[in-house]
Amino acid sequence: MGATVCAAVEAAPDLELVARIDAGDDLAQVAAAGAQVAVDFTVPSVTEDNVHALIDLGVHAVVGTTGWTDESRGRLIAHLGRRAAEGTSVGVLIAPNFGLSAVLAMTFAAKAARYFESAEVIELHHPNKVDAPSGTATHTAHAIARSRAEAGLGASPDATESGWEARGADVDGVRVHAVRLRGLVAHEEILFGNEGEQLIIRQDSFDRVSFMPGVLLGIREVVSRPGLTVGLENVMDLS
Amino acid sequence: MGATVCAAVEAAPDLELVARIDAGDDLAQVAAAGAQVAVDFTVPSVTEDNVHALIDLGVHAVVGTTGWTDESRGRLIAHLGRRAAEGTSVGVLIAPNFGLSAVLAMTFAAKAARYFESAEVIELHHPNKVDAPSGTATHTAHAIARSRAEAGLGASPDATESGWEARGADVDGVRVHAVRLRGLVAHEEILFGNEGEQLIIRQDSFDRVSFMPGVLLGIREVVSRPGLTVGLENVMDLS
Amino acid sequence: MGATVCAAVEAAPDLELVARIDAGDDLAQVAAAGAQVAVDFTVPSVTEDNVHALIDLGVHAVVGTTGWTDESRGRLIAHLGRRAAEGTSVGVLIAPNFGLSAVLAMTFAAKAARYFESAEVIELHHPNKVDAPSGTATHTAHAIARSRAEAGLGASPDATESGWEARGADVDGVRVHAVRLRGLVAHEEILFGNEGEQLIIRQDSFDRVSFMPGVLLGIREVVSRPGLTVGLENVMDLS
Amino acid sequence: MGATVCAAVEAAPDLELVARIDAGDDLAQVAAAGAQVAVDFTVPSVTEDNVHALIDLGVHAVVGTTGWTDESRGRLIAHLGRRAAEGTSVGVLIAPNFGLSAVLAMTFAAKAARYFESAEVIELHHPNKVDAPSGTATHTAHAIARSRAEAGLGASPDATESGWEARGADVDGVRVHAVRLRGLVAHEEILFGNEGEQLIIRQDSFDRVSFMPGVLLGIREVVSRPGLTVGLENVMDLS
């Protein structure tokens, strides 16, 4: 992933790659090289230390590493707050997903959810995936459930009396189906229905190269967003 | 359904409607009116008697009523055999589904199944349906499983370790997912995958009027197919 | 359409139907019956007069009639402004489309457009439709084109050298394809692509009953939105 | 493509790779190595000479090279006939497409075509493709047109009066639409409609590795099919 990001930054006419940092390298090199923004795709065990070091160096950070908790995010917010009080404005963007189509699908699904009587999620992946349903689909179902609850909608109508095992997993009252098919990579389809109409939002990720436009967007946006931002959708213009 | 069939027969330039029979009417009227073919959309409790009476009258029958068993079909075959021995050639077509798109989807899925590593079925229906998965989807999954077994294929690859409730019902080793969505009627999607490719066969039934081309096809074909034929696909030209 | 709207209002627990107005009826009946909101599904030749009369009566209006121009909308704005200056706050909502799925598809497409290298539109309708592409698809393509232009995106990449007649209509630089198929009603699919990913937004209208949730939403929202609002998306919570 | 085929043959438990032939190599090596079947993915200028040489060597051939004409195929048939008369039974399979999903989609579409009032084809490819519509889509449309003509069906219903440029290319009376989208590879969707129902056959090719199951199938089947066979569908069990 690191190499792919470096290549994408080098190919972007408005960005310049000034340093590549490997495991074990000293992060001070980042500031020494004059970097304004650092991108962290590392592992859960080191990402928190990396980001605190970058904040100390006054370097903005775009973080794609998973494993952040409410506690570790809280420590980031506190650190960023102390730096702001000292007059140093640093921005950190943590994004669990840099795929624009995936982020947009989730965001649109959450917005649409309040306007439909029924909602279900189908996620489709390669058959080597060990967990079901996918994190993205679970995340989407939670967002739909939250949106429906805010709008005062109850559960989607469902007269099923037998065969519940065909009706998918119940995630916060939203049915989620997981398909595993050789040839596929990572795909999500969200279906909404009212009497006489249907809305489908579908997203296909064929290759990790698809994360690059989202990473570049994060790099461009984080410099003007001091403090912690979680989720790529929050640096996108979707209003 | 009876009225819809009568209207379709009347609208067909090559067919003539000569009698309409209601519950309690004497079936002898059918032969008296000169009918070559009778269409039976009644109820499981009377359909068998109806068809035997039609065979006695020498009238071919197209039957859309459910509830036939191996035993009741066996009695039909015996009766048709006796009539044939007497020199009277009568044809009976029993079809669980007259939707051309549904019948073709199932037939193509059975043919394709032996050529793909993975296969899954998604059926989508209105939320008032009480059973899951649908009879059509179950039938399709059985046909896929039979076809895979004949070709020496084992189960579709699946590394799932957790979250099995999202993986749908296991029908003969084929995963079947049931979606229930307001606005939908009856739909089926069959997905096949190999490394680097996917084949999708999808079928949508929006209205029962869609059964009429299949009923008319059955009427036209049954006259030249003495004996019992089960399944509309067996009077279609799919070789 | 009038009867369908009346039935939908009667079925809504928070709304009351107090008057039904037919062609030739006196609009004063609307106010006399105590209506707060009137719904106008008439014809282009009378809708403008109707709405001005409703404004004079102090009744809010939800308008589904087509044929409004910049000029006729300008006269409405002026009239509403005069009434506001007199201390009477009246709201008018003109919506070319009350289908929630259609409105959401267009709105989401406009928002997504700036984030993808490629965008195309496919609309699918029954074969009795005389014009192609559909107004909804044209409207969507314009919105996509505007959004791409604002983001500094040029035309979608396209190396086509021969066979342009297969590439659809060019609407503001966005390719729009029109499919006509027996069995369909009104459907739109918007495709966005980046290297390694795809986003599809699809909308199906199976029946005009699907317009009712949008009409009811308009009725509920217009009372708190003085002045002219054009487009159902502008009374929806999509921020 | 040659390297991919060699890897696929090596990985197949029932096949053995005995020789790799490059441009300029002597084809006699093929027979010397004991090959029963040779696979030719070369270029139009040399494929015909290659296949005639293989026939002389008594080696069956599976050919994926394009550029064959009625004349060059005629010369093959004559050569194979002379060898058969001499008592040497050699089989040659020429397939324009080894993608199982693509071949099945075309074959099923041709079979389904006679049963539907409407039919249209949408092909979707990466934006670097220079020709539209794709050869596969054109081939499919011709097959649909032929099947409709045999069944006595006229043109699909179409009331279009304006906007014909959105209605796609007319291939033998079948409308074909070409979508070009970054992120896609090669995809085809065939839509059939009757009153109240729809059948969709869709095929996705994500990677050329998807051709390997078809090549292996060809290798296994060609040995028992003396003479010339054109089209992978003719060695598949689709009856």
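Each chain carries a letter (A, B, C and D) given by its place in the written order, and its residues are counted from 1.
Going forward, a contact is a pair of C-beta atoms (placed from the backbone, for glycine too) under 8 Å apart; a residue touches a chain by one contact, two chains touch by 3 or more.
Computed from a prediction, not measured in an experiment: that's the story for all the values here.
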In contact with chain A as well as chain B, sorted by label, we have C, D
Chain of greatest Cα-centre distance to chain B = A
For chain A and chain D, let me know how many angstrom lie between their CA-based centres, rounded off.
-> 41
Distance-wise, how many Å sit between the C-alpha centres of chain B and chain D, to the nearest whole number?
-> 32
Quick one: chain C and chain D, Cα centre-to-centre, how many Å?
-> 45
Give the residues of chain A that touch two or more other chains, as numbers and ranges in rising order.
-> 116, 183, 192, 194-198, 204, 206, 210
What topology does the chain touch graph have (line, ring, star, complete, other)?
-> complete
Interfacial residue positions of chain A with respect to chain D in the complex | 183, 204, 206, 210
Which chain C residues qualify as touching chain A in the complex?
-> 99-102, 104-105, 108, 111-112, 114-116, 192, 194-210, 212-213, 217, 236-239
Sites on chain A touched by chain B in the complex | 116-118, 120, 122, 124, 127-133, 156-170, 175-184, 191-198
